[in-house]
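Residue numbering begins at 1 within each chain, and the chains themselves are lettered A, B, C and D in the order written.
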Amino acid sequence: MLAILLTVLFDGLAYGMLLFLISIGLSVTMGMMGFVNLAHGAFAMFGGYVATTLMQRAGVPFLVTLPVAFALVALASIVVERLLYQRLYRRGPLDQVLFTVGLTFMSVAGITWFYGPSQQPVVLPAFLQGQVSILGLEVGIFRLFLVAVGLLVAAAVVLGVERTRFGAKIRAAVDNPVMATGLGINVGGVFALTFAIGSGLAGLGGALGIQILGLTPAFPLKYLVLFLIVVSVGGLGSVGGALLAACVVGVIDMMTKYFLPEIGSFIIYAVMVALLMWRPHGLLGKKS
Amino acid sequence: MMKKAGLLAALALAGASLANVAVAADDTLRIGVIATFSGPYADYGRQFDAGIQLYLKDHDGKIAGKKVEIVKKDTAGPGPDAAKRFAQELIVRDKVNFLTGLDFSPNAYAVAPIVTQAKIPTVVMNASSSAITTSSPYIARVSFTVQQDSAPMAQWMLKNGIKETYVVVADYASGTDAHNAFEKAFAAGGGKVVGSVRTPMNNPDFSAYVQRIKDEKPQSVFFFFPSGVMPPAFLKAWKERGLDEAGIKLFATGEATDDSYLQATGDVALGLITSHHYSYAHPSELNKKFVKNFYAAFGKEMRPSYFAITAYDGMAAIAGALEKTKGDVSGDKVMEALKGLKLESPRGPIEIDAATRDIVQTVYIRKVEKVDGELVNVEFDKFERVKDPAKEAQ
Amino acid sequence: MTPSCPPSTAEAGWLRRRGGEIALWLAVPLAVALFLPEYYLLATHVAALGLFALSLDLLVGYAGLLSLGHAMFFGIGAYTAGLLSVHGWGEPISGLLIAALVAGLVGFITSFAVVRVQHLAQLMVTLGFGLLVFEAANRARWLTGGDDGLQGMDVWPVLGMFEFDLFGQTAFFYTVAVLALCFIIATRVIDSPFGLTLEGLRENPKRMAAIGTPTAARLRQAYVFAAIFAGIAGALMAQTSQFVALETLSFGLSAEVLIMLLLGGAGRRYGGLVGAAVFVIARDLLSDLNPQYWQFGVGGVMVLVVLFAPGGVLGILRSLRQRLMPVARASTAKAAPVTATPATNKGGAA
Amino acid sequence: MSIALTTAGLSKNYGALQVTRAVDFSLPVGARHALIGPNGAGKTTFINLLTGTVPATSGSITLLGEDITGQRPDQRVKRGLARTFQVTSLFPELTPMQSVTLAVCERLGLTARWYKRTGEHRAALDEAAEILAQLHLGHIGHLLTRTLPYGQQRIVEVAVALALRPRVLLLDEPAAGIPSGESAELFEVIAELPEDISLLFIEHDMHLVSRFASRVTVLVAGGILAEGTPAEIMANPEVRTVYLGNSEGHA
């Protein structure tokens, strides 16, 4: 029984890490600029397609595609941000919703045009397949890999935000953009860079996620709700919060699937509502 | 307000009756296709379209001497309310003589009352919920029913010494049908279903369910998912958790190895045994020709899946019926003609049951193998003249 | 923005103000009937969704209350009307009223939770409720028919006179009539002190509290109103299509109706109707044009509207009008109540 | 003369931090009372305690003989306690006419009424128009608030508060952000307010204070340092030391 519990727990964490990777960017950018970027899932999708394209068309090894996916998506996102998004920062959230959902629709149709509507294949390198047993616990190697990457990124992000000058600027900008500007911080620039990194991470998540989330043009809409749950439950702009929320969501999801499959997604939604009732600003969100 | 409506209703009658000039009896045959052309399941519509176009190409664009006009409507997936509206619009606005397409069962059910009211012959090209043909006398089916493909799998498993199994189905109507039909047939032959789970439709990751199965160690597992994203995900989890190594045998219906997705699904599908009515590798001359022409028309990018073949046969059925009626498209005559219609399809001999307007066909047992680098469903056993078990039961 | 305060010069002024509108309300359906009878279905669809979007406008546009789960009420209305007629009570108008009642009740119950939170949390809580109800309906196959949809509806003739016909003529006029009625009521609500309060809450809840408004109570009231209208819209959809799909409860529909509203212009009485028309017609044309990639077009429209028509279609119309005739500003700035006092008539002219 | 508002031992602590220390304060009916003190003296906190937007840690507040310490802000408003905000807090997309009408409707308990147009509530509209005219805002009553110059927005602040027919009106730096030239005009308007309204206003400019206030309370570090007529306060050495370093004129 304990073994089972641990296995499920671990799978949940692996799943959570994936959600964290994809959602963290959304959380920070929303918390910082209050910009509602519902096209975030599209960036994750692009990451996925970058990876598959490189693997299929150019035979690039899986691990190499990951940093490329990160870089390309980050780059693309800067273009989008400078070209389009920054025009909308002064607009209300509703305009931003309409705009970013519109973008999502376009990207969905666009990807369908290039890649067709169906599932993209991904073949993991042999050394990431199958299971290993750790202390008698059967663990999927790929999921182990996911957890590792997730923790690494989380650590990097936390250190980056806590320790570096740039991180300090980000925190200042999140806490109070107006004051930050007053302190001579180029909030626009800081945001653009943060946005790029966040989107890049989403791209990385998208590439890593193909194995578990699958990859079709419907991706951005299919998982939007999940990402939003992580962001809101975690608390806007909170790295730790996003990590915590992602793990909670992942674990609950796995637990219900294993122990109460007939209940389906009820629990996850109920828990979300309950948590938001209890802490409207998220588990680790700052009161505004 | 109502007074106004009344007044306007009177006025409008003029306009309506104008629009109402009975179904145009000119020299073109209008066929409305309600299917999924966008969204996650867009491949269904694409395959339908290919099958239809191929049939017309093979018969230089004519059916019963009339030139054919196809009107496509996109439901973007299961969308019964949209489907119903489209059906009405196709009949009222586009004045179609036939309705066809219909990939999702809910969409087919929603259309039924409309075509009954309008007496428009409707040929279901995929929707596989058993009761669809009973929901309207103007509906005939050339595809299959979930029960029709599921029950034979159970019988074959029993025949091959598998006495207990664990059932996994997607949590929607067809999933339930498959579950019941399979369990019924399996139990009838002395088999035992030791456990079952219904997985949500939008569920991306099956590892938890598979882990559960692994821990319960059944002799075998039978699963049914709509073709597309779910089967590959399930098979991935299956391999990752090493259930083959655990000695658990896996069976499914052909949706799991839909030729459209099989290549992308990859080696995880190797060795999977499924029951279905069509594999593009079906070794008959007719099918070889069909596949050849298909590739010629649409390139090797896309394999003809069971959606393409049913679409092709759907057109053939319409043609066959109109041949009998000498081109008369009136609903009742056409339906009469469709009843008992026999066709030699690339998938093998098919017949539209005179009593139920549902299809009678051969169901094949296939195994996924690599044939010169390509993953294909190789047929190695079959059940002939299979009727819809659900209707046989009544 | 909308004229939230009508002129005080009572009914005569009312006719002067609304005369054009009434003409429009008569002309449009008449035009459809005479020239586009084969578009009855589409028009009916637009009308029902228009009412749905209008109901959402009360929340998003006026009260500044966010919702991503509004389809919950649309669906509940639809299933109420649907189940009634499946189980033998097909009288449409009473069906509407009961649907409205049920939706309103659910709205009242959930309102307490919804107004306790703001911003993203509010978005997610409404979304959460929506998803839960969807799941429930999906499970309760014995009741709702699950994803096969609710079949076997038998709706009786409207007022015992007008049968629902295949051409959707009755459906069309029935829907338009109900829409018009609801629109009049909604306009009343918007023009009332309560409506003004909602705008105040949207603009500055803190100040509303400071002038002594029990803000939560008012927001809950608005939420219930929105639920009721959404329920009616859903019931209309169910009765006219004689079918209820599970999708009427889906997150997709909640998002779609929000998009419609924003396209048309939130916080404007006609925003919902215009938005629904634009969205549905655009989608219909585009998907006929190209059944595979129409989404690209729809997305494009949304993007362009935000970039070049802030405040939606009506927003751009208004700012155009202002550019053309500067005086219009006074009128659009809801001079309404002020016209009473001579002092401001002077100012208005100035 | 009778008392409009009194506080007894009113205190507010945030943990160890004492922002308001046992303030005993009383505001006579019809008073024109100024509250002054260096930045961070807790003036606005004191106002917030009175209106109930910040709950008191200890002590009591009595409004017109009734203890309101436990009441919600909106309840206190109903009892006749209104305020304005230091940073303009209005309804940008509404007109002054609408804003004031809103306040009047709230006072008359109409804001839950949805079946009758605002236009049909003649009394409310006329009263709103009256208030605007009284504050010389009549001519801009129909313009969107966000389009108004800041000075006028400050007056609208007052108008909205007045519409509540307050017995006690708390003005938090009503002239904040207005060039000192114009601020006098604002206070002219305030000075014209009906006698029976008791005024407590926070103001830095001692000239304005001495012109418009009959009494002054000096708040320092959350406690009352001194109270008296403007002249007495100006003369008070303690006050001067506290204010030492502040620019000339601004006491």
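Just so it is clear, a contact is a pair of C-beta atoms (placed from the backbone, for glycine too) under 8 Å apart; a residue touches a chain by one contact, two chains touch by 3 or more.
Everything quoted here is computed from the prediction, not taken from an experiment.
Student: Which is the least count of steps on a path of touching chains running from chain B to chain D?
Tutor: The least step count works out to 2.
Student: Can you name the chain that lies farthest from chain D, using the mean of each chain's Cα atoms as its centre?
Tutor: B
Student: Go through C-D and B-C and name the pair with more C-beta contacts between its chains.
Tutor: If we tally the C-beta pairs in contact for C-D and B-C, the bigger total goes to C-D.
Student: Closest chain to the protein CA centroid?
Tutor: The most central chain, going by mean C-alpha position, is C.
Student: State, to the nearest whole Å, the distance from the C-alpha centre of chain C to the C-alpha centre of chain D.
Tutor: Centres of chain C and chain D (C-alpha means) sit 41 Å apart.
Student: Mind checking the centre-to-centre distance between chain A and chain B? Centres are C-alpha means, answer in whole Å.
Tutor: One centre to the other, that is 36 Å.
Student: Please compute the C-alpha centroid of chain A, do the same for chain D, then give the distance between them in whole Å.
Tutor: A distance of 48 Å separates the two centres.
Student: Among all residues of chain C, which ones touch two or more of the remaining chains?
Tutor: Expected reply: 292-295.
Student: Counting only residues that touch at least two other chains, what does the list for chain B look like?
Tutor: Residues 38, 42, 46, 171 of chain B each touch two or more of the other chains.
Student: Which two-chain combinations qualify as touching?
Tutor: So the chains that touch one another pair up as A-B, A-C, B-C, C-D.
Student: Given the complex with chain D, which residues does chain C contribute to the contact?
Tutor: So the residues of chain C in touch with chain D come to 1, 4-8, 10, 188-189, 191-197, 199-200, 202-204, 206-207, 209-214, 217-218, 221, 225, 330, 333-338, 340-341, 343-344, 346-348, 350.
Student: What residues on chain B touch chain A, complex-wise?
Tutor: It is residues 38-43, 46, 171, 197-200, 202-205, 207-209, 211-212, 215, 228-229, 232-233, 236, 239-242, 260-261, 263-267, 301 of chain B that touch chain A.
Student: What residues of chain A sit close enough to touch chain B in their complex?
Tutor: 4, 7-8, 11, 15, 109, 112, 116-121, 123, 129-131, 138, 140, 142-143, 211-214, 216-218, 222-223, 253-254, 257-258, 261-262, 264-265
Student: Which chain C residues qualify as touching chain B in the complex?
Tutor: 26, 29-30, 33-42, 45, 138, 141, 146-149, 151, 158-159, 161-162, 166-170, 173-174, 176-178, 180-181, 237, 241-248, 287-288, 291-295
Student: Touching residues of chain D toward chain C in the complex: what are they?
Tutor: 51, 53, 73-75, 77-78, 82-83, 85, 89-95, 97-99, 101-103, 105-107, 110-122, 124-126, 128-129, 132-133, 138-144, 160-161, 163-164
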